[in-house]
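First chain A sits with chain B, and in the next complex the same chain sits with chain C.
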Partner chain A sequence: MSEAQAALQRVTQVPGIRGSLLISASDGLVVAERLMDGIDGRAVAALAASLVQRLDRATNHAGMRAPTFVHLRGDKGSVLAAPGRSDLVLVAVAGVDANLGMARVQMLDAVGRLV
Partner chain B sequence: MTDDIKTLTARLADEPSSLAFLDLGEALRQRGQLEAAYKVARGGVARYPTLADAHDLLARILGDQGDLAGAFDAWADALRFDPMRIGALKGIAFLYFKAGDVAAALENLRRAAEIDPDDQSVRQALERIRNNSQPVASPETSPAQSAPVAVEAPLVQAVHSIPVPAAASNGAHGPEKNGQLEQGIMLVDGNGLRLNGTVLSPSNQDVGDLVAAELAGVSKEAARTSRLLGLGTWQAIAVESPEGNVFLVPPTPDTLLLTVRDSSLPLARLGLVAERAAREAREWLTRHT
Partner chain C sequence: MRALEPWVVAPLQTFITESSARLILLMTTSGQVVAQHGFARSVEVMTAAALGAAIVASTEELARIMGGSRFAALVHGGAQQSCMLAAFGTPRGRWIGLVVFGTETSVGLVQLFFDQMVEQLVSAAPREQAPATPLPNDFERELDTSLKELFGR
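After this line comes the complex of A and B, so read on.
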């Protein structure tokens, strides 16, 4: 199993996580994915990449370095993103009942292991 | 342990349902045993959730602990159960003044004066604010907590619910202290224009307009992402960065509230602060639109 697949597996094992992807931040393309049926990986990748880039610029204007973790919360679920090295971002789609704290820990650890 | 605290502790142990917690909590607060006082007050609030005295006590303790947002909420709870409670009105006036909103401070003091025109402390506070806008010491808080605090102004109404960081209490206004980013708060409209508040860069530059412009895109992007991924209505974005945490909430569909704090404040707590600030921002928008 590749490092990317191992990372995705760890994240998707967290209760309430509906899927995870490794994406390229600069072009919003899917590098690897592990998703439940019904989730459009390409859409998630494009939207998450765009959001992370905008937040990157906003925090940069505020004199802060790039985000290490982003959580977009909706009333029916969440998108989590952990930017890593080499333009990669680990993204997870979570239901409302997800263990977000566990997901965050797993994502930060997993993305830190990716080269 | 002093005798009165021993006596009150024993009385509360004998009769847990008694109101002795009020005297015990206050005695502990006055002796600076704030953590113990807090536990006693929390227990009292849990047992008597509609007792204004209990919330008032909790507010004084939280104020002494520096949790000004918590104190504000507790005093607001006290007023909910007893709208005539002068101590709570004075406390809230004190917090408004600390946050730089003289008008709101005066409004609460006037209400207190209407309830009890003979209360000298209220009259004195009113006079001091009117005459020279010098900080008014809350008679309910300890001297250490009632020291003058300069607060960046003008911030949005929402800032009143945000605890003033220790750096501000010491008079330091810069956004950076010991390498840590201090707070910023800003309300932005749907077109990326700043409505109120500010964000300062580590070099002390006001970068609010730049950040605001970028946030317009963030708000739209969040709405689009939530809609397309079936996440419902977007409610918040939390961003962690090495320098600090950022929390974004939409007080209304057309506005965005940004709250920045250094990472010493846990992100979940920042979320609570931001949501409370969003409620205040909604009220501010109602008054100014």
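After this line comes the complex of A and C, so read on.
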């Protein structure tokens, strides 16, 4: 199993996580994915990458460091993103009942192991 | 933004707004311009349309030689500006979209909203076929009229 697939597996094993993707931040394209049916990985990748890039620019202009973790919370769930090295971002789609604390720990650890 | 057919305007406007693309050109596979946004001169539009149609024809032939289906899209990535070229089917025939975008957006976003625009165009297109006159007698006058509509001059 590749590093990317191992990272996705760790994240998707967290209860309530409906899928995870490894995306390219600058391109907004999917590098690897592990998603439940009904989740449009391409759309999640494009929009999450845009969000992370914009937040990166915003914090940079505010004289702050780039975000290490992004949590976008909605009525029906959350989108979590952990930017890593080499322009990669680990993204997870979580349901309302997801264990977000566990997801955060697993994502930060998994993205830190990616080259 | 300028379009020869009014039903193209809304999907194209949504695409421009959502994707933050700098330039877009919609054309038929023969290079006839349907709509454009961002181009300043008609000669640029005509050149881009001719080149875009030729590139799509080349890639489709390449795909045929390789024994595969058509390529969905062709993307040229640049440091400051990138370009995407994609052909798609509509009730009015096969069209081509040429999109130029900068670092303010991404290829993923452009592709995502381009596909949405194609869906909207397909559902908005009038079902009756436009009259097929490959090269009418007053071709030059029609071309001139079309360019005036596209550039408002």
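FYI, the second predicted complex is superposed on the first by the 115 of 115 C-alpha atoms of A that agree within 3 Å, B and C clash if a C-alpha of one lies under 4 Å from a C-alpha of the other, contacts with A are read in each partner's own complex, and residues count from 1 in each chain.
We take it that a contact is a pair of C-beta atoms (placed from the backbone, for glycine too) under 8 Å apart; a residue touches a chain by one contact, two chains touch by 3 or more.
The structure displayed is predicted, hence computed values, not measured ones.
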Touching A:R42, do we find chain B (first), chain C (second), both, or neither?
-> second
Chain touching more of chain A, residue-wise (chain B, chain C) = B
Which of chain B and chain C A:A58 touches, first, second, both or neither = first
Looking at the overlay, what does A:V93 touch: chain B (first), chain C (second), both, or neither?
-> first
May I ask you to decide whether A:G28 touches chain B, chain C, both, or neither, giving the answer as first, second, both or neither?
-> second
Using the touch definition from the top, say if A:P67 reaches chain B (first), chain C (second), both or neither.
-> first
Check: chain A residues flagged as touching chain B and also chain C 43, 47, 50
Residues of chain A touching chain C in their complex?
-> 23-24, 26-29, 42-43, 45-47, 49-50, 53
How about chain A: which of its residues touch chain B in the complex?
-> 39, 43-44, 47-48, 50-51, 54-55, 57-59, 61-79, 93
So, in the complex, the side of chain C touching chain A is made of residues 105-109, 111-112
Interfacial residue positions of chain B with respect to chain A in the complex | 175, 181, 184, 199-203, 207, 210-211, 214-215, 217-218, 221-222, 224-226, 228-244, 246, 260
